[in-house]
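Across the two complexes that follow, subunit A remains constant while its partner is subunit B and subsequently subunit C.
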Partner chain A sequence: MTKCLDPVILNLWHPIGAIAEAVPGAVQDTVLLEERLSFALNADGEPVVWRSHPDVQGPARVPAADRLPARSTYGYVWTSLGSPPAELFLIPEYEEPDRRKLNAATFGVNVSAPRAIENFLDMGHFPYVHTDILGVEPHTEVKEYDVEISVDRDEILATRCRFFQPMASTASDGGADVDYVYRVPHPYCSVLYKSSPVDEARRDVIAVFLQPVDQEHVRAHMLLCVLDEDNEDKVIKRFQQTIFGQDKPILENQVPKRLPLDPRAETPIRADKSAIAYRRWLSQKGITYGVIPVAA
Partner chain B sequence: MITLYDYELSGNCYKLRLLMSFLRIDYKTVPVDFYPGREHKSEWFLKLNPLGQLPVLDDDGLVLRDAQAILVYLASKYDPSGTWYPRDNPALLGEISQWLAFADGITSTASAARLHDALFYDFDIDVARAGAHRLFRILDEHLWFGEQQGRSWICSAGHPTIADIACFPYIILSEEGGIPRQDYPAIRRWCDRVKRIKGFTVMSGVFPAGPGKVAA
Partner chain C sequence: MLEEARSRWHPIAAAHDLQFRHVFHGQLLGREFAVWRADDGYVNIWENRCLHRGVRLSIGINDGRELKCQYHGWRYSNRTAGCTYIPAHPADAPARTITNRTFPAVERYGLVWSSEEPRGELPDVIGLAEGKLLALRGIPVNAPADKVVERLKAYRFQPNGAIDGEGAEILIDAAQDFAVALRSRDGDAQTHGVFFVQPVDSNRSVIRGVLDQDAEGAARIDILRHHNERLSKLRDQVEREAANVPSPAPIEPVYERVSAELAEMPGMTTHGRKAALRVTVARKWQTADGIAGFELRPIKGILPTFQPGAHIDVHMPNGEIRQYSITNGPGETDSFVIGVKLERDSKGGSKCMHETVREGDVLAISEPRNNFPLRRDSTKTLFVAGGIGITPLLAMAQALKNQDLTHELHYFAQGEEHLAFADRLKYLGDALKPHLGLSPDQTGAELRQIVADYRNGMHLYICGPGPMLEAARKIATEQGWPDTAVHFEYFKNTNKIDDSSSFEVALARSCVTLQVPAGKTIMQVMRESGIDVPSSCEQGACGTCVATVIEGEPDHQDVYLNDAERKAGTKIMTCVSRAKSARLVLDI
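After this line comes the complex of A and B, so read on.
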């Protein structure tokens, strides 16, 4: 018996753990959509995911009927409790060989997945929450940007976003106007592209993949796919963890924890264009999990 | 030169960053990938601290572990005002030591709850939260009675001591472990006073004090 009744969410791929932190053969337990799951890498390094069961102690002994769909993509194990699509959304930059690809961290956060996505899309909080890093007063204006819901790709795209950032990444050597592009290609995942301080023709990619533990708790997996030849992995991770650690209390103090989809529930401002599109997109998809749907 | 082996999200490391900021001490940082890399359990780190714990501080070859011990050392050596750890006041030193031990209790309860919720540590979360509430209740009463007597800080002095620094981080971060502070008004007022000490610095998850209120 499944605890999530939202068919759209049940049929999605969801991330459950980072490959970099998995020890081959060792079983990890986690929770997805209120279901206890176990996963491990088998002898070939391929992920095996199953519903947790005391009799099943390792990936080699999982009865076929108990196995869940599993894939290893973008450095994470993904699974589904329903019938997932053949492909996951594409991040072509992930294949570029000169990028540093890291799981910055997986953090537990006491918030719904949609609230976390909305915060990720918001630039207005940069100077106040990420002071002297992603923003600084008096550079507080969110300039006009474009948002579209791409029908053929079924994702939200926010472009022409610009923000002054004192320290945009570990590779920065001072403040700069930074260009952003945001994609929301999955109800609980978002991909951000921002100007690279080391190559003006390319962009760093930072993605947040949210694993819904239940409607009001997530495990946030943070993928970094950046251009940086100088800094150690741990320095790059530390930068992103610092940012996320600043967001965390803001996320956890959101009331209500689930995202209200009624346009009258919370008053948006012009800077919230991408959030408005996101809420509308979730409504159009008929999503009910992690949100407060519009009353019928 | 002082070197701090540091993890940004560690409240115990933050204690030392706070004191060094109050004392305007220059230091350099060696980041340790505590999570997810578990670098504090790596071979090179265990040579520095066989307990496999952060923080560690190296001052020209003197290597010390344990946040409270390092607070004692730094304040004794680098505080010209002699107020953070007043070496000539036995009664006050006794009080400070008492609250440094209390701070360790906050670490094993409130910090444990935070590690459970955010970093998936396998702790008994109900025990951790109940333990933190018990300590917060004791500290709240202590601070409340202190306020009645005109005392603003944890120990009996007209100025903050390292006891305040030792207790502050895992109290201000307690909500990340599901431990709200609304029932501890004296603790909340004290947190605000700590944030207004000259030289105060934040860490991820801690915000500066709001603008001061003008008396009506």
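After this line comes the complex of A and C, so read on.
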């Protein structure tokens, strides 16, 4: 497989690890877009990222030429192999002081990043893949919702999404429709807002940041930014890990692994509106990495 | 070589790999298959990829009649591979053209055979008589097929009758590109073995051996073990050799694109096409008093996919065309079974079916159309059938039964002898509730009880004679059932059609404006100007000719739309309904 030549993808910020799991001074090795990278937090707790090199053993001695752009945002270390924009997309809720912010999990999945994003946007699979948790038969309908590609923010927004969830809130034990809003502000990242079971007026935020290891492998970093004062970290994390563990075998059994952008490669239905918009958006951006572009 | 290989038949599994309700993952020349046997014995070999989002169907669920995808629960029918249900849109019937790619399947010599583009039939293999054969365990080898075949020519084994012996004499009977036939002789014992090599991919193969004699018990196990050990050794040798040369690139399968029409996000309705199919009457029998059952089999090929609630048009020898619901359960795709009631005042339709049509006759039928789709997201489904109105509801009830979804089938009939399709009714078990010999008043009282407890999420399906249907709809409304939860199908439209109005129809997409005079229908006028309109009953009962109204006020004269739909004024049956306004704009 050739290394990434896609300029759009090269110039993006990509997540490579959770800050909470980094020990200051300790070097971690990872792979991004088929390049071997190392990173560590320096004495000030700032991330330093460089192309892996046997001679470089720690953040203090990285030659300037080997250093890559680095930032710490939303609890993760981000880097880029090109010239990234000054800012990363915004998640304003992250700043709200009463929210719990956690890296729920980092999972390796044998699939392309765009396939994983589509799965994140998809409600129709809840009764089948997340049975009794996010959905249950016979409540399988995906009701009409709205999707727009916002030009000024350059992101996809799906609103008015509703799906029947058994045990929708901690207060009542019956099932009910739960509201969702989905954003795709980055080709390989998505943010989901979901009715909070504890506060009707606010929403939990769950984001998935995909680290493209290569065209057909990702590391999925899952951020939780939720309203929950009662449960222990590990309980909250375990729930998301269960959900993700259910998606993984499905994702790894999708063929082809890269996302086909040709509208005639697969059969969309109305429920797939957001995925259709996403594929179109990737096409318009001219993205070639992790996808099968439309034949010219 | 590869092109040549594509047009040949190859074994892709042993018959015993296709276990009950299992889906086997097969592969041939780089292409993956989902292989499954339905409960009726039919072997399905499909592209291993759900048409929706590409998930492997080999991880799907075989319920004996249909294969269900794990990701979003799409269901594909036995034999036709057509999609019968899309759970995300329970109210819509999936387009009949959502059909997975299928490959031919032949079971012979204890193996399952297929081919990508077969030239001709599966050839007979000399020396292997069907019957007392022993298929060995398949041995996967990481090497190209030709290398494996080369090695197999030197394969040594003992005949079944002298399995513990040593030094049998081996003769090569035949050797081809993908098979070697060997004969082993030791004293009086002699066994003929054919070793097929399945080209899985450019660098992977499976050896599938078949011996010309079977054995029982311990002897059989000894024989299997004997070959297993020797073939495994052979595999190790071939793999060692293959590891020394660079391995060829894997074969990239080419996936067919879906039709342009399906790639668009589909709208709410789909139209069947008129193409007539030819079927023979394989069986005709009296299934109840005054009701004849007909089993219609395709003359060649397979029948198209149907969904519960669908009907076909039957073109009769006397020129009449009538609609009959398909009573089949899911996955029962080798024939269509319909029920025809002899109508006393028959204009020749049911009379012709009862008196003229015989077993062996050929009839032309339309493709199935589904204007009475079944939701399967209901918390409880009630079916109310009157007399011959049982037919569509029977298909629906069997579908729900197959998926273990809660339902009741209330069947009103004059007496026991009037209950049709006893075998199918029996399959439904306790869900069947017959109501026999009731007067209209008693029927009303019974209906009132049946629909008494409406809860959000329940659905009611009614089919039967006009007066009973009217009564049931009225009672349901009185008991608080919303229009959206009550679904019905009339046999015919008994309304007196008033065609005295004249008005203008503009067809928005075709960019034409037509005048509809008194005495002619919108459909007739459209057809006269060459516009193709699908239709079936042509009396406002079946829903096939529905059109979307963009502007104007329809004058509904059909019995297909419910009150809410009539009021909304966005749909019109062009075969009978007209306009109250001077102008109607349709989305055609």
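As a working rule, the second predicted complex is superposed on the first by the 286 of 296 C-alpha atoms of A that agree within 3 Å, B and C clash if a C-alpha of one lies under 4 Å from a C-alpha of the other, contacts with A are read in each partner's own complex, and residues count from 1 in each chain.
Quick note on the criterion: contacts are C-beta pairs under 8 Å (C-beta built on N, C-alpha and C of every residue); 3 or more make two chains touch, one makes a residue touch a chain.
Just so you know, these numbers come straight off a predicted model, no measurement behind them.
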Of the partners subunit B and subunit C, which touch A:Ala105 in the superposed model: first, second, both, neither? first
If you stack the two complexes on chain A, which partner ends up touching A:Val27: first (subunit B), second (subunit C), both, or neither? neither
For A:Ile276, decide between first (touching subunit B), second (touching subunit C), both and neither. second
Touching A:Val8 in the superposition: subunit B (first), subunit C (second), both, neither? neither
For A:Pro249, select first, second, both or neither according to whether it touches subunit B, subunit C, the two together, or no partner. both
Quick check on the superposed pair: does A:Arg238 touch subunit B, subunit C, both, or neither? Answer first, second, both or neither. first
Going by the contact definition given at the top, which residues of subunit A touch subunit B in one complex and subunit C in the other? 249, 253
Contact residues on subunit A for subunit C in the complex? 118, 122, 124-125, 127-129, 137-142, 249-250, 253-256, 260, 262-273, 276
Residue numbers on subunit C that touch subunit A, as the complex places them: 32, 48-49, 51-56, 59, 70-73, 86-90, 98, 255, 257-260, 262-266, 376-379, 405
Partner subunit B, residues of subunit A touching it in the complex: 18, 20-21, 103, 105-110, 219, 232-235, 237-238, 241-246, 248-249, 252-253
Name, in rising order, each residue of subunit B that touches subunit A in their complex. 7-9, 31-33, 35-37, 39, 117-120, 175-176, 178, 203-205, 207
